């Protein structure tokens, strides 16, 4: 595919890696913010090819992952109601809430549907005037313009049976929160290319300046990522802390003004809890007053139940490298790839899952590794 | 089964037949009014066992058969509507309208359901408040009390989503119409036992007197029917024309007053068209003013389309014995047991169907029989 | 028309309309007994579309059969097998 | 986050919001073009959840690749196979 | 605020498995689990999942039969869809004089089917197959969207080895053959109807579903080549089975109505709903058309089998009219037996 | 008023047969018509309807395989559910080195299915079977209520004769075996997805569904007992097939990612929806694990067959870890290949 294949060329990747090799003289810890970037890095094994000392930490850039447990539970409660057609992007369907997931709601008879685009949810509302269509509006700044357009569309059609359960989150407050943490180790960020395609990067400039941290707006293909890493390491090595743009083919400094205007019209800033992180002030979007009519939370008040995460999971320590999966009491018993209790058991790339797939038993210790 | 098996005893049937043999001295033409009786007569071959000259004509006593084409078309139109649950006794589902039947509506997506009792249709209305439940209230006097109770029940529950499409017919006006026909050959009637269980037989007394025709209220088992025939022939042979009751175990002269009162409360007399016969004044029931709210005909106005029956069918002549099936242009081509154009091709017992099953070809003539 | 089958009332419920359970040689179904206020548990009723429309009169039923049984069997008489 | 795939606009429809057909190497889907008013038939856009969020700048794309291609291949240089 | 970025990584399916989900049919881990934990144990031989099972050379002619089972409700008095699916196919093999040697079992499951029901049905399949002495050697499981199946449909396909002496076919009836029935008819169909949603009956009727291959073996042992036709009168009932045989063999058949055994509550159900018991489906009985000289021996052999203690002679094959089945009524008259036209519907008249 | 009482007698089903009705599955006249007019002609051999078909002594070991086909939509670019149902089972037999000799076909039809669609699908079954040189010898047809099936489900069961030389099993992979794939992957699954209701794609992708038994015959002729494992990577895709083989044979498998052929539009569809092409279902290709000394000959033989002109060597069997499949990425790193967990869902991230 044009604009994809050429950025996957292994020969050019090798050239960039050799460039990185000659640039990096000291250890640096970089965070790629975006889950899509994490996906490429882990799947292509880019982290394994980095020079010794260059370490990638995977950021909170998966809107699915950071959607708070409470919101997932709310989605499940609404989707379980009679007369509701609950629409969602496919990846939200498997996210576990306190007592199940949306696929389980569907299996028990709820009308849960996967949509490719939020406009499809609007069409469903038009086609089913006697049903309530609820769309689970999750996502970062990239997805917000699409979701906002769906709400505008429903409002202009006068659809009383369309509402959105909004759990939008914003990247810059999360970066700031990470940088504010006392044990922060991140020395540079790869910013998410598609978020910046919408927002531009002006919001990142004060952060880079204030925290003296390089930020490189980066694309999603192997060459993009390695070039982004090269650009960030070059800044670190030379003591710069600027916002640079690797993803020039898609991102301009001021982003997409039409899309931003629509976000501003339909949504307004709010505090938001990030799953695994906690509440971050002004880090999310909710519907603005003008569109409150389409708010699923007010339309379907859900009894706020106590939500709970696993208590035994030591994911944080494992991922910071201070403990091994085999030190975890749940490892291999209560926690397996099919029934993960925490993030590192989730995909084949997670530390715990990798241990488990490799057949490492509880008796293994740090020394044996 | 008690009260059924003992009335099927072939030894006793033979005794009754010999009694009939010794009673009948002349040819008589009897009509059993009721389709249930016809069923027993044809299935058990009772007509074949009657003394020569005693002939049974099968009456219009099938509420399903006499429901006018126009009403079947109306049922089909209503059942085809979105949001309607159309409930019917099973036998109405196969009755052909102008362009199909209710089973075809179901096959094309209509929500058509068979109920055993009209109270089940009321329960469906309770269980589906967002749907319109329509019950096809067909039947003679036997069924009217049950259908009336369903309407009363719905009214007392305040069900706005329950209505009935009423096509009730009454037996005495049909008997009178048959007797009034210039070519009438019927000399005595077996009245329908279950109709009389509800209505009693006082309505038949003026008819018997006015037309000098014996009427015997008769049950449905072989012994009932043969005894009823014996009683009718005995009247004919002795020149009497009274109403007698063969079905003493179930029928009293004044019938069932509670059931009649409920009919009177819920329904009121109306003119009604009988399929194959034509309109008969005051021969049907419609909802009384008090229950008009539950009238499906006013709730779902149906464009009155021109309805049509087959023009080529010569059923009347065939069944009066004046022409043979093989004289019919449609016989064996357009008209077969699976695709009958007229009544005599309908069941294995029909003259045309019997011809067809026996493999008789068009070349056969009356002489060859 | 009007399939009506005799069954025995095995249970009468409270409430309006009057409902009850009718046994048909082992098969049981709820039926409306509103139209047969005189019928009680143990009585036979004729049931049509879930409604009892008539109580079966046992004495009359027996009488009908007795009358028929009293007819001499012509064939048996001829053959001399009639008792 | 935010799966975004480049595709070529093959058709732009009338009406609001601005819609069009985007071709992804043979696979076509309708996409909302409201946010890329400058993009016309033949242009590549990045599509996310059915919305074009950015027009691809062909010149910049080529420049990125050219920069990378200009990096000497260390391994090839070592082996003397670099042209 | 302490930030643990790692703890924010991607979660993954933590599925409860109380109900079937679409993913159970996806060919992935969930499906492997379903097969490994629920379906395979007890049903299929242990070993790797293969695309096809291997059957060692059977050394003779084979019978092959397939049937889909879609019965509603899936649990009914006297049985369930699982055992029915085994008996139905074992019996179809038996109707060609074959002993079952292998079964293939294919499930279509509805998303949302309670796992406990699947276990129960799967156990029932396994038990019925074991009771019939036939191995389930291969299978398949698909999951469809909620509302695209009524819980579970099962297609079983059976391979049988035909007994060397047997030459049984619907086309083999000969004039003079005795028509035998192995037992009372109508129990299965009325048992299903009695519990079908909406009819509201409490039944004293249980389905008589059972395997008939051992009965057939006894009949073939007693009657040899004199056993001309075997048929299990399932859908369409006795009437369809007889008419199909009459048509296939180009003969007439005359049945004595009063000789056909019908249990009392079955009669009651048919009276109440206005059904013809000859049109009601059966699963636990067969009809046999047997050469007159073999009829007594076959009938005697049948009556020694528990599944046919009440076997009866119900009629004879006649010269025709070809394809015509007539019933001799209790009153001594004859009526043409007609096939059910469409589905069976309760009547009011 | 003239009264004609006779004309008032009972009418009867004058059914239009433009759509399937419940009565078409009742075992009565409507069903006999459906079978006689729509289903049997062209599909089943002429002759009486029997409970089971007779297969003459095959004189060797047999393979038996069954699969239910529930694909939505039932017509898709490159095929339909009918041909798929034949190819799927023919291919499963081929994966044990067997040539199909008989097929059993079982339909579950939804009330309301347009008769024209049934004809089209039935014709497709008949044509596919004829093209594969296999006879449909028996079948079954059930009709369920509207809303209890998605139009039509087909279960096919195949009996095959195993080629004398063949000893093919998922458990037979040996260290050093070459892993071959017969052609590009992903076309079938993405063709289905692209036209699935709601996704709104216009596709340039057609399913590559096709029979593979002739290809297998050529491979066995070239490689003999060196052909250790054959597998058609259907549900669960390439990843599941490889992992299942690695587990069954207790070996490791290493695949070179770049060597796996994937058509351009398939890549596009997977990019757009966030799917892993290794998890996408296939119907027109197979993987083979072949002894190293036979690999070249087998690969050459494959490439002479039209269904495998683009056959490729994609990897090797390793000593382990047992059951582990790894992919060598274009960048030269290794990743563990994971099985799809539940169903495939379009992703946004």
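Order of writing sets the chain letters: A, B, C, D, E and F. Residues in each chain are counted from 1.
Simple rule for what comes next: a contact is a pair of C-beta atoms (placed from the backbone, for glycine too) under 8 Å apart; a residue touches a chain by one contact, two chains touch by 3 or more.
Chain identities (UniProt): A, B = Hydrogenase expression/formation protein HypD; C, D = Hydrogenase assembly chaperone hypC/hupF; E, F = Hydrogenase expression/formation protein HypE.
Bear in mind that the values here come from a model prediction, so they are computed numbers and not experimental data.
The minimal number of chain-to-chain contact steps leading from chain B to chain F is 1. The chains touching chain A as well as chain B are E, F. The set of chains in contact with chain B as well as chain C comprises E.
A count of contacting C-beta pairs for C-E and for A-E identifies A-E as the more extensively joined pair. The greatest centre-to-centre gap from chain D, using C-alpha centroids, is found for C. Centres computed as Cα averages put chain D at a distance of 60 Å from chain E.
Centre-to-centre separation between chain A and chain D, using Cα means, comes to 22 Å.
Chain A and chain F have CA centres that are 37 Å apart.
Within chain B, the positions touching two or more other chains are listed as 1, 4, 14, 35-36, 62-64, 89, 94, 103, 116, 120, 139, 143, 338, 347. For chain E, residues touching at least two other chains, in rising order: 12-13, 15, 21-23, 29-30, 200, 264, 267-268, 271, 274, 341-342, 347-349.
For chain D, residues that reach two or more other chains under the stated contact definition are 1-3, 5, 24-25, 29, 48-49.
Taken together, the chain E residues at the contact with chain C in this complex read 194, 200-205, 264-265, 267-269, 271-272, 274, 347-349.
Across the complex, chain B is touched by residues 198-200, 264, 267-268, 271, 273-274, 321, 324, 329-338, 341-342, 345-349 of chain E. Within the complex, the chain B residues that touch chain E are 1, 4, 8, 10, 13-14, 35-36, 42-46, 48-49, 62-64, 89-91, 93-94, 103, 113-116, 120, 139, 143, 222, 338, 347-349, 354, 357-359.
Those residues of chain D that touch chain F in the complex are listed here as 1-3, 5, 21, 24-30, 47-49.
Residues of chain A that touch chain E in their complex: 31, 35, 38, 57-60, 62, 64-66, 94-96, 100-101, 103-104, 106-109, 177-178, 180-184, 186, 274-280, 315-316, 318-320, 337-347, 350.
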